[in-house]
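Each of the two complexes below includes subunit A, the first together with subunit B, the second together with subunit C.
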Partner chain A sequence: MNTKFRINLISISLSLISTLLIVFVFLLILNKNPFEIFSVIFTEVFASGYGIGQTLFKATPLIICGCGLAVCFHASLFNIGAEGQLNAGSFVIALVALKAGSLPFPILFILCIVCGFVVSGITGIIPAYIKIKKGVSEVITTIMLNFIILALVNYFLVDFFAVKATMHTEKIADSNMLMKFSDIFPFFEGSSLNMSFVIALLLAFASYIFIYKTKFGYKLRAAGFNETASRYIGININKVILLSFFTGAGITSLAGINYIFGYKGFYEMGFSSNVGFTAIAVALLARNNPLGIIFSSLLFAVLDYGGLSVNQLVPKEIMLVVQGIIILSILAVDRIVKSYFEKRGIA
Partner chain B sequence: MELISSVISLTFLAQVLRLMTPYYLGASGANFSERGGVINIAIEGFMNLAAFSFVLFSILTGNVTAGFICAVLINLLFSLFFSYFTVKLKINQIVTGVGFNLLIAGLTKFLLVYIFNSSSNTERFEGIPDLEIFKGIPFAGTVLSDYMTIFCFALIFISGFVLFRTKYGLRLRSAGENPYAAESLGVNVRLYKLSGILISGFLSSLAGIWLASNQNSYSDGMIAGRGYIALAAMIIGKWKPVNIFFACLIFSAFEALEITLQISGTDFPTQLIQMLPYLITVLVLVGFIGKTKPPAADGVPY
Partner chain C sequence: MHCLKMTAVEFINITKKFGSFFANRDISFSVEKNTVHCILGENGAGKTTLMKILFGMYRQDSGSLKISGEDIRFNSPHDAIAKGIGMVHQHFMLIDDFTVMENIILGNEITKGIRIDFDKTAGILNELISTYSLNLDINKKISEISISAQQKTEILKLLFRNSDILIFDEPTAVLSPAETDEFFKIIGKFKSSGKTIIFITHKLNEVRKISDKVSVLRRGMLVYESSNENRNLDLNILSQAIVGETVVKANTEKADIVFPGNDGRNAISLRNIFLKKDNVSRLKGLNLDLYKGEIHGICGVEGNGQNEIIDIITGLETEFEGEFSNPGCSISLVPDDRLKKGMISEFTIGENIILKKKSSNFISERLLDRISTETAEKYDVRVSDIKSNLSSLSGGNQQKVIFARETELESDVMIFSHPTRGVDINATVFIHSKIIEQRNKGKAVLLISSDLDELFALSDKISVIYNGAIAGTFGSEELSNFRNEELIRKSDESTGSPLSDKIGKLMIGIKTE
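Let's look at the complex of A and B:
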């Protein structure tokens, strides 16, 4: 276990270093000064409480969504439908928060979470069912469902629930909003960081326990590791696929809390800005370990917020390129490092 | 009523056959890769990359042929890269594919802003000119005015012939069915897998070029999941060239219907009309009979 952990650490650091090098060269090709860009990112993020607060704020949905994906990935279910799943759930969370706004806050909050979780979970059940019944890869169905869900949410939003001439729902009551960090710590003055961040951290710990310390988590990892062997020892693979897809997709819905309860107070079309896809890179970088996901989310949040600050020097879309390079370098470096140690009989 | 009559018409049928082109090119490409045992989810990204580089180099050089060649070459380069991951390093093919799709999506978005100063689309350009020979003949003239559509019809037979009637096809399929047996008989499995991926890279580049050429520009997100739909068509077509063709017709028929509905200006909400191709894909995947049976070693690294 200890050697495995060390090898993982080595390969993660090497893949980050190689990403950095590739991005460096890429920037040089574009005739930009990489040192200038990295120093702008660094000062913008770490020089003020506002920068740190905004970075943690951006990390929140990534942690939540990354944990949801980790559940699926551990079961070898390559769910790339998080973007759709989280939008379905978040939309419902906003509606419930609006319609049941008169309930006492704790009850309202729990009700919203449960409703969002179930709705997102159901959108996860669909690809699981098709996989079980027809053997069709979940990758295709989850991508198709992304398009379907976003179109449906768009339809219901625009035709029934949106405030006129906008793409968002009505704002929930101020008394139902989560507390901002800046209310307690003036250090974070002006940033949108709110209690959702604490919820995200708790969720990461809960996911860690769920995946590594419970009986179902064991079955889930076993099924993902070796399906045939797991079937042989009596694990019901179909049930594992259904439940892990339901749980994983359900968790992603909570990513909406940060925006709805912590920031704007309403659901808005496009609020998620591809968190569902970025979370794939987040989860992969952390080897699907929820505690690691906290750190990889922070890294991606730095890139995201930092990307905005260097937009003057180089288009912020550069961060999407960085994400892609990170994913591919993790995959390649991990394989190379592992085979290096295997050859020496260490792992 | 008007709608029904506009659907049951030769113009509509011609439209269906034309729109089939990118789906069939993508699906055939993916089929070559999967027959060799490599699941190629990156078809979507390859189409995107080819569409972008075709537009970029066509505008830069002012010459469509140069754009075409550049787009194909860049796609072959990325296919080579893809096979390094999946064949040489034996990394999970699906994860690699998604990684490529995300990287390419990011790269095109970035370069779109960086080169064209727009986050949505490039300037317009003249796409590949129409073929004039059959002009004037009703129906056939519309369908056969497009080089790539004609190529698609030929491809049905070419890919059937190559896969099932040549030594190359037999060996490619053996690499996808049982690579160990194939290797023991002296087939260089990795080389065959590589060739399958390169063919898929080439054919998907044609699909991307077709889309960009017909739209006379590149716009962000223009592939809109067509690569994944092509993969679905390949699955529904049970990895057989002729069946895949008919599966592609289903999807292009619904795309044509989507366009007809949008033009007809029905009260039907646009969002739901736009959802149609994706919904149909899922429904067809759920509805068609029997569990799918891909090549035996499809997706298994060798």
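Let's look at the complex of A and C:
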């Protein structure tokens, strides 16, 4: 465990360093000054409370969604459907917050979370069920379900719930909004960072305990490592698939809290801006460890917010390229590092 | 040349550490060309580690290697293969969904332009198969062929690469006696065609039969060497050298168990079971009863329905016809293939055990460490670090962990499939006495094994399985007669006993009256 952790750390650091080098060369080829760009990013992100706040704000849904995916990935269930799953749940969270807005806030909030969790969870049970019954790979079904769910949410939103001529629901009562960090710490003045970030951190710790310290977590990981052996050991694989898909997808719904309760006060089509996909990379980078996901989410948030801040110097899309390079170098460097240590019999 | 004997491999002061643990310590010996050299030693003695160093999979911390007198430093198995070294691993490395041929040419493709020249490859392979009498169909998928055929696939791979020095890590552990004989014939052909064979085993009678020289490792060090050119190796001295102390004698005393009436003894019953898988009939009207306080041995060539019986009793297989009854007995299983079915390699000892053990929903590191330590002590599991994953344990020690997990469960029905596969002499004795202990506690025991001696030593009853049905059952009377005959027969080994002859014939489908 300890050596494995160290090897992972080495591998992750090396892949980040190599990414940095590749991007450096890439910028040189584009005839930009890498130092200038890096320093702009650095000052924009870290030099002001606003920058830090915005970065943490952007990290929040990534942490939440990454944790949900980690649950699935540990069971070797390659859930590509988080984008759809989290939109279904978030939509329902907004609707419940509107319809039951008169309830006392704590009750309302918990009710919203439960409803969102269950609805997202059910969208996760669909691919799980198809996998169990028909043996269809969850990769295919979850990708397809993204389109279906987003289309359905779009239909219900536009035809029944949206404010006229917009793509969003009505706004929930101001009194039901979560507290912003800037309300307590003037340091974060102007940023949207809110209590959802704390919820995300708590969730990461809870996911860590769930995956690594509970009996079900052990069974889930055992099934992920060796399905046949798990069957013979007496683990109910179907139950593991259903439960991890339900839990994993359910968790992703909470990503909507940041936007709905913490920022805009309504559900809006496209609010998630591909968090469900970015979170795949976030979870992979952290080796599906929820505590690691906190850090990889921060890294991706820096790239995201940093990308905005250097928009004038380089196209914003360059940060997508950087994210891609990170993923590729994780995969490549990991192989190299692992085989290096294997030869020495350390891994 | 002033010396007659040529050295194929020379190990010079090889030391290999994992953390602070010495897996190999200052090992020096040489393997002569064109000989069969056996490497022996307890589970965890460092045999596989040494071979992995020779095959370029591990790098030694100090010491050096000479191949045919030339100093060598391998960076990977590729380098070793280029030097004519080939290895058949303790755990095969084949892709289930590929055919024999596809597995063999993977990485060694013969090409015509950019296309693989399958015709030419098939020609070469079939020639090798007939030269060495391998008796193998190269177009079958790995998942469809028996373990011994998989092993032949691995052997063919080495031949295809023109390997001269062949390393076999416990090749006979997975073979039936007949298959073992066939394997030794193949080894004989290798020798006569000038190849050098390094051979690891725990079975001493095999050693005397085919080795020219033996080297014994204990706790990472070379402790004994002997030549066996005249086939007169003293097995007592050898086994002493292996364990370093006296060899434990088996306590296989069976207690008489009294049951209230015959009804209470019934545990599992299979009646007229038919099972088809992928349109192939696997079980054809099979009947089997397991009784409490009885060891029911199943003997047969692998793939005649043994695994299907296990799948039905454990409840993993439900699509069968016929009557299966289990009056609520809990079931433990030590499976035949530990890597595939028995364990999670990425988990520690404690983590593997907690998966089946009753415990609270939250699992602390302390609890896991305690389970690991207790198990390692009680079952003599040799580990370099109690927190390490099962993948870093030696094969025999992995087997002990699985055996420990299952017997500690105290289930009503115990299924042991090849329980001593890859396990050393003393541990075999220990496992045997544990199996008897389970029986004496009143458990119903199903013992599946390809080791006839093991079956005869432990079973109260032996059934022969052939082609998906029980071909014959021998009760306690016949077995005790056999044991008595065996004692007399020991002095004159030329004639086989009638019972083992009969069983041997039933195993290949010949009925005698």
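The definition used in the following text is that the second predicted complex is superposed on the first by the 347 of 347 C-alpha atoms of A that agree within 3 Å, B and C clash if a C-alpha of one lies under 4 Å from a C-alpha of the other, contacts with A are read in each partner's own complex, and residues count from 1 in each chain.
Please note the rule applied: a residue touches a chain if its C-beta (ideal position, glycine included) is under 8 Å from a C-beta of that chain, and two chains touch if they have at least 3 such contacts.
These figures come from a predicted structure and were not determined experimentally.
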Room on subunit A for both subunit B and subunit C (clash or fit): clash
Which of subunit B and subunit C A:204 touches, first, second, both or neither: neither
First (subunit B), second (subunit C), both or neither touched by A:158: first
First (subunit B), second (subunit C), both or neither touched by A:108: neither
Touched partner set for A:320, first subunit B, second subunit C, both or neither: first
First (subunit B), second (subunit C), both or neither touched by A:219: second
Which superposed partner A:344 touches (first subunit B, second subunit C, both, neither): second
Touched partner set for A:230, first subunit B, second subunit C, both or neither: second
Which partner, subunit B or subunit C, touches more subunit A residues: B
Partner chain(s) touched by A:82 [first = subunit B, second = subunit C, both, neither]: neither
Subunit A - residues contacting subunit C, complex: 1-2, 209, 213-216, 218-219, 221-222, 225-226, 228-235, 343-346
Subunit A-facing residues of subunit C, complex: 16, 18-19, 23, 49, 57-59, 76, 314, 316, 333, 335, 340-348, 351, 354-356, 359-364, 387, 392
Residues of subunit B touching subunit A in the complex: 39, 41, 85, 89-92, 94-100, 102-107, 109-110, 112-114, 119, 224-225, 228-229, 231-232, 235, 269, 271-272, 274-275, 278-279, 281-282, 285-286, 288, 291-293
In the complex with subunit B, residue positions of subunit A that touch it: 30, 78, 80, 126, 130, 133-137, 139-141, 143-145, 147-148, 151-152, 154-155, 158-159, 277, 280-281, 284, 314-315, 317-325, 327-328, 331-332, 335-336
